[in-house]
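Supplied in structure tokens, the structure appears directly below.
Note that the chains are named A, B, C, D, E and F in the order they appear, and that numbering of residues resets to 1 at the start of each chain.
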Amino acid sequence: MLDTALTISLALVCLALLLNLFRLTVGPDMPDRILALDTMYVNSIALIILMGVWLNSKTYFEAALLIALLGFISTIAVCKYLLRGDIIE
Amino acid sequence: MEMLYAITTGVLAASGLYLMLRGRTFPVVVGLTLLSYATNLFLFSMGGLTTGGSAIIDGKSDYSDPLPQALVLTAIVIGFAMTAFAVILAMRARGDMGNDHVDGRKAEDKEERR
Amino acid sequence: MSHLIVMPIVLPLAAAVALLLTRFGNATLKRGLGLATTLALLVISVMLLRQAASGEIQYYALGNWQPPFGIIMVLDRLSALMLFVTSMLAVGAVLFACGGDDEKGSNFHGLFQLQLMGINGAFLTGDLFNLFVFFEVLLLASYALLVHGGGKARIQSAVHYAVLNLAGSALFLFAVGLLYGATGTLNMADMAQAVSQLPGERQGMVVAGALLLLVVFGLKAAVLPLYFWLPRAYASAPPPVAALFAVMTKIGVYAILRVYWLVFGDQAGPLEALEQSWVWWLSLGTLAIAGVGVLAARDLRLLVAYLVLVSVGTLLAGVGMRSPVAVSGLLFYLVHTTLVTGGLFLLADMIGVQRGKAGTRLVRGRIPRNATALGLMFLIGSMAVAGLPPLSGALGKVMLMNAGDSAQRLWFWPLLLATGLCAIVALSRAGSTLFWRSQASDDGDSLSPWQWAGTGWLLASSPLLVILAGPLAGYTEATAEQLSDPQPMIQAVLIDQGDAQ
Amino acid sequence: MTLLWIPLLPLLGVLVPALTGSRGRPLCTLATAVLPAIALAMTLAQLPALGAGDIPRVSLSWVPQLGLDLAFRLDGLSLLFNVLILGIGLLIILYAHYYLDASENYARFYAYLILFMASMVGIAMADNLLVLWFFWELTSLSSFLLIGFWSHRSEARKGARMAMTVTGAGGLALLAGFLLLGDIVGSLDMQVVLESGETILADPRYPLMLVLVLLGAFAKSAQFPFHFWLPHAMAAPTPVSAYLHSATMVKAGIFLMARLHPAIAGSELWSAIVTVIGIVTMVYAAWFALIKADLKGILAFSTVSHLGLITVLLGIGSPMAVLAALFHILNHATFKAALFMCSGIIDHEAGTRDLARLGKLAKAMPVTCVVMSITGAAMAGVPLFNGFISKEMFFTEALETHAFGGLSLVLPVLATIGGVLSVAYSARLVHAVFFSPPRHAPPKTPHEPPHLMRAPAELLAVLCILVGLFPALMATWLMAPAVEAVLLEPLEFHLALWHGFNLPLAMSAVALVAGVITYILHRKIRQFVRDFPPRDASRIFEGVIQCIGDRAERITECVDNASLQRFMTLLLTASLVVGAIGLAQMDTLTGAKGNQPVDGVLLVGALLLVFTGIGTAITHRHRLISLLMLSVVGLLVSLTFARFSAPDLALTQLSVEVVTMILLMLALFFLPQKTPRESTPARALRDLVLCTGLGGVIAGLNYTVLTRDTESISDFFLDNSVPGGGGHNVVNVILVDFRGFDTLGEITVLAIAGLAIFKLLNRLRLFMPHSDSEGRIWAPDRYPMILTTISQTVLPLALLVSVFIFLRGHNQPGGGFIAGLITAVGLILVYMARGVAWTQKRLDFPYQPVAILGVGVAALTGFGSWLFGAPFLTSSFGHFHIPLIGDIELATAMLFDLGVYLAVVGATLMILANLGKVTTPHRPAKEDHDATERGLHRTDDPTPDGKETV
Amino acid sequence: MNRRTRSLLPTPLLSLLLLVVWLLLVNTVSVGHLLLGGFLAVLIPWLTYPFWDMQPGVKKPWKLLRFFFRVIGDIVVANMQVAWIIINPWRRTRPHFVEYPLMLEERFTITLLASTITLTPGTVSANLRMDGKTLLIHALDVRDEQTLIRTIRERYEQPLKEIFEC
Amino acid sequence: MFYVILEGLISVLLIAGGLFAFIGSLGMAHLRDFYMRLHGPTKATTLGMGCILSGSMVYFSATQEGTHLQEMLITLFLFITAPVSAHMLAKTGLHQRLKYLDKTRGKPLEFREEEVGDKPVPHPDRD
């Protein structure tokens, strides 16, 4: 049961990632792409956590933590870039 | 899986190299970064592709090869340093030359002087 | 265990840390520290040279992890010689820099020491990946030093130099990866052994890895299709940096010698000498194109840069001959050309400074104020670099001409002699333009005694090399012999395989 | 050992003028003359030994590997040349003392002259082929300096360079010839070479060797077709012409042919080449001597002609011919040196050397007139003067040789023609200067020069007569050993003025009569010649050199077009080729291990990677989009690392990726936002093919490795990580312990990057758009409130996570590097949210020391192990039990990792914060539109004088 | 900026958060980690203290707890609504830009409110005006602007004001 | 039995998480304007994360010794950061004056001409 659930969940997250890719590619505007990127970060966390469950390993927890922390900063940076050009001013 | 991995590495390398052949500094730097991703993937895979075998000693028997990982770590850091230098150099070049062509050319005389 | 072997790396590192801990600071103090460290390096390299001259191959296991598992620094005759050349060159460059070039930008002395650390590390390491790391250290330091003082030409040439070398670094990693994937080791001696037992199905991997490495080393050495970064980078670098750069191409030459004579030596079976024909033909091409470049150069610094390229072609031709006699000759020539071209870069700057607006461009200008002394130095440097007797270039050239079989001579001699003639034509033209075809004038910046000392130090090495030619040739001959038999190296490094610490 | 001093003394003598130059000319002259005089005396002192049949030799080992010994000999040939070189040299010094103007740098002149003298002595005495070559090239160099002595004159510079080029090229050919010769013989030792004549002639490489050696000799001795440089060398001061270009240097080539005569002469090839070249030179040059209007020009061409004569004799090669050759060397040196000196005196006193402006000087300069008449007669081969005897011998040999079989008459006829011309130009020389009226007045009123200036020429003239009258008495002592040295055996001969009525005498008579007639008719001849204006060799030479230079420049420009794209293409092509070669050697791509099955997640991951990777390339003209794509690639690469059991890599890649993004965006702000479309479709296609090829090769290689099992050294690390390194995370233990040295290098690289970037940013002023690329003015909200608020929460959390990641790195994924990046990113967030000024006020310390300190700490850990007698970077660790807290493990590797942490934090912030600072204080409130349109706005231009510091 | 002296525990709430986070990170509650976590919970705020604006103290901790759980509940409900809107092919959305006049004054609480709004009922706080007086909200599906404002005011802003600003 | 329930719980959490993550991305992919697309990821995805993380917590607590609450941290981080990302994105969208559906009611200041300030000037990079 767990395996099936895991597979379904993984499949859904993968689909989500593909949808993100779609939005990243077609835009149409920069904020759309950034949004796609940001969502991709979050979906990656899901992917990593699911992988941890799949492998029964907690080795990947930090990676997820880091994405949660750093993905946001990345998004902020691009937004700041579009808003002000100079991201550190 | 190995085939898929190799193709991915090759595609990343090819994309990076294509960018490195462009005539403006920024795409070159981006290409450089992309190429170093490919390099890292390549170097990493020299120890084989292992699933669920992090080289953290905990009584398991099947570990991935830790040496390429350590090498890639070093390579990532060095790659970062180099990218940083390259992109700032690109900035400086633009500041000094007034354009961002890799050869410091004016935008007017297009590159047909190959 | 003697820590002397690792000193050429850690001493400049320590000095650099001390120099860089404050961004600004007492210039005199920094100069003193930089100079003292460089001189200490010279002393150390002489001591190492004497150790290596005994013929024993020693290694230093970092972290006390024995090879092939840990990283080792290997001291043999070749590495000792390269260290010596580097420190000789560095002394001249630092002396010169103290004349004021170090103050034209930030952190000169610290970066210079880091560059030395990288160079020395590249010469000492016995580990392929560690070689990559030191390549990066020396490259990044060289990028930083190249842009020292700023200016359009420097920045522009730095863009080319850096981007090409960055691509080269990526290729290096591919090559190291392949070789590790095929042989399962990174220690070069161990790799040599692994290559000797290589299953046939892995041969292609090793060939690809080895030849990719050749591309990388060829890029550093500036061999024919990959040399393009060199002329402008050398011509635009700040003088002490350009002088130090004289050894940069030699690192490529060294790396080719090291890797291919050890890993692809006579124990490598079908893979033995797989670089040879490539190096040989490309070196000849380099020689030809460099000769043309020498004739074409309309600027003294560019001229010297192309002369460096000539020396690269000559050295690599020696590598391509792949015989101990040739290696002996090329090492002699290497010592000579490194020091002399280094000195010429410094001299070119001194001349340029005194010629005012004309700079180093080979056009009518005013005669340098110190024309007699500068002219004498120019004469010595030109003779040496063009291979005119009785200076060291002639000896080196003759040694290389003596090497090689008749088929090789058929190509090598005419090319070498023709480029020699190109050099004579170009240098006599340059000299007559700079010192004769100009108006005398009393103004022009005065030169610092440091600059005289640095240039003099390097140019004086040429006559000195002539006087000491016998011992030096004896050393290089022994070096070539040591290099041509990889077994002692393999045995020395891999005595107690299996258990570390 | 005394032998060694003979070449060495003049060599040391180079310093004498330099040292005494400031003490006045007389002293300097005297001092300069001392050492050569001693050397001459020492040379002569060897006569008895020579007479006894000895050949004094001395040899010092120099470069045994090369067969190069510092070896000298003094046989008869050397003696003859030494006497000429040193003897005439001394006379020239005396002459030059008067010749040079007061304003001229006589010390330098003397130094050059002595350098030349020393190198000539070296050539004459060299007992090793390489030593000979060394001195040979040294003569080229010193002659370059001497010819260019009046460097302000264009013709002097050109002449010097031409001489240098021609003789230098000859010297290089000679070197090749010598090395070949040494190879044939197996030694560079002169004696061995001389005794190996048969071996040499039999060797298949002989012809090549001979041609190379003769090239050298001909170039130096100005033989046709290399004769052209010599007349232009006359731009030199006359003492130089007298010395180098008549008496000595040009004889070096002759000397060489004589020296190697036993070894390389004696073949048909030798006679053919040498004789033909010699005779052609002789006649050709004599013709030009006749039609030249410049005093020194005439002498120069006559010199070439006489050298041709000697060459012919050496080509004939019979013992008597050799004797004649050597004797003519001596005679020519005496009369030609004197003639040059006279022409110098005339030039000096009359202010011109142009024959048209000279004339009727006999009254004003009677002594000079006499001297010149005597020596001119010697040159013409008038009986009673020395030139007559050797010329007579030449005619004899020309008649007796059978070198050309059926054409054997050609040689005597040409020899006679040469003689005719020789008489004609000699007559012209003397008559035109001293007796016929000038067409234009000379610039100065001529009078006799100081007595001592005349003395050398007078002495030489006397010698001409004495030798001419008593040849046996005057010259046998020199000639006998010299001939023996060349022939390697003594020759019985008797030098005599009178040989009876014979054919040679008739030829001489014909030459004399016809020569005088020719002179009388020479105006017509010159008129005739003037219709074919002679081309100036120097102009042709310069033209050729210029043309070669231009051609070289064009080739260089064409090859090296300063285009990075081309260089990169070449680099990549080279890689493609070698990679493909390797790949082609694989029998099968798929190895024994084969493929593991693919799952959907992998497929999607690969799809995303491929898509975004290609996307990055495709969208590169829209830089920000490309950057976003790149960011996704980075994310997916770290996911890949995680997927394949490399959590440390995943963490590192993630943090580096974010920092890289920020960095690239910081930089992108100052760069154009879009890339213009510049690549032609063909170009893009070419690049595409190249990249696809290389990518394919990389993929192929990757695949071959992946599908094979490898025995690697990794097991050692897995086994020893815990017992030896005290850590469970093997990757981390490798980084900080097993291969800690790599890591030390790596953080050094990072620190250097920081320093380099600091350099690059220093005083960098860049255009700052006040609107984005779509023309939107930037949002007014610099520091969005919500962002600022959140940043102050995130920073402590980031720091906490850093500590966590750092502390566990040794046993679990993590470590100093990642921790450092997290800290840095946390601070960067604050920079982004609150700006540089605000942050800097609260974080008031420079980052450079932090980065350097990190490197220092890591290095110190390394040095620390020295205290325990262990190698650099040897780690140690221990478990400590603390009550309440439990077991904790402390390892020196952690200290090392701390260094890494500090270096990373310092370097990253150094890079990013410095970059952030570039604009901040100078950001203009609003750009002016002009600047915007120019596309460039600098708040202050970098100073043009290069004082801009980086 | 140095209105407060650097006390040992300048921001107790943050320190507590850090301690909890630390224990969660190491996933152990041992004495050693309590000590280490405690040390870090003191050290890090002390180090980052200059980066803090005035931080409002929590006046009513239990109210905070209640607020917290209410928000959690709202998140679940609201997210399900949004999910439904997304997947419902016959959806009828009524997007709306709403200017929300802020009552709160502290930066910290405003941020909390903005975040809460984003996480809960079909709204995203799109822009906080620079004067800090109005918040622009984009709502996915609202019938009436005033209702939305009132809901937010009552459900989130009022409690926040009570917890932190009174 | 307990484990079956536990397994069921984990399965439900994981699937729900996957579903919400998917729906969030779906919304981002197919909603009609940027401001609407913004809602998907900020809401559904965050909730999805919560579900998956809870599932993971339960899973590890069940299979490995000890309780595993680490995943709460990720949730916490996401709850802290996601609104800020969304806020910044929205700000950016407003700044770029991205089009919104015509039926959207309310016209924020950002879209009113008089608020935009200076007339846009051509950027030098603009072709």
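We take it that contacts are C-beta pairs under 8 Å (C-beta built on N, C-alpha and C of every residue); 3 or more make two chains touch, one makes a residue touch a chain.
The model shown is predicted, which means the values in this text are computed figures rather than measured ones.
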{"item": "Chains touching both chain C and chain F, listed by label", "value": "D"}
{"item": "Graph distance between chain A and chain B, where chains that touch are linked", "value": "1"}
{"item": "Each chain counted as touching chain A and chain C at once", "value": "B, D"}
{"item": "Which of D-F and E-F has more C-beta pairs touching across its chains", "value": "E-F"}
{"item": "Farthest chain (mean CA position) relative to chain F", "value": "D"}
{"item": "Chain whose average C-alpha position is farthest from chain E's own", "value": "D"}
{"item": "Approximate Å spacing (C-alpha centroids) for the pair chain B, chain D", "value": "39"}
{"item": "Chain A-chain D separation of Cα centroids, rounded to whole Å", "value": "60"}
{"item": "Inter-centroid spacing, chain E versus chain A (mean Cα positions, whole Å)", "value": "22"}
{"item": "Multi-partner residues of chain A (at least 2 other chains)", "value": "10-11, 17, 30, 34, 59, 65, 69, 71-72, 76, 80, 82-83"}
{"item": "Junction residues of chain B - those touching two or more other chains", "value": "20, 25, 38, 40, 42, 46, 51-52, 54, 56, 67, 71, 74, 78, 81-82, 85, 89-90, 92, 96, 102-103"}
{"item": "Residue numbers of chain E (touch at least two other chains)", "value": "21, 25, 114-115, 125, 128"}
{"item": "Which pairs of chains touch, using the document's own definition", "value": "A-B, A-D, A-F, B-C, B-D, C-D, D-E, D-F, E-F"}
{"item": "Complex interface listing, chain D residues touching chain B", "value": "561-566, 568-569, 572, 593-598, 602-603, 606, 609-610, 613-614, 616-617, 620, 623, 626-627, 630, 633-634, 637, 640-641, 643-649, 652-653, 656, 659-660, 663-664, 667-668, 670-672, 675-676, 678-680, 687-688, 690-692, 694-700, 702-703, 705-707, 709-710, 712-714, 717-718, 721-722, 728-731, 734-735, 738-739, 742-743, 745-747, 749-750, 752-753, 756-757, 760-761, 764-766, 811-813, 817, 904, 907, 911, 915, 935-936, 942, 950"}
{"item": "Footprint of chain D on chain E - complex, ascending", "value": "1, 14, 18, 21-22, 25-26, 30-32, 35, 40, 44-45, 47-48, 50-53, 107-108, 110-111, 114-115, 125, 128, 130, 132"}
{"item": "Residue ranges of chain B touching chain D (in the complex, touch as defined)", "value": "1-27, 29-31, 33-34, 37-38, 40-42, 44-58, 63-67, 69-74, 76-85, 87-92, 94-96, 98, 100, 102-103, 107, 110-114"}
{"item": "Parts of chain B lying in touch with chain A, wherever the complex brings them together", "value": "51-52, 54, 56"}
{"item": "Chain E-touching residues of chain D, taken from the complex the two chains share", "value": "780-781, 784-786, 788-793, 795-797, 799-801, 803-804, 830, 834, 839, 841-843, 882, 884-886, 888"}
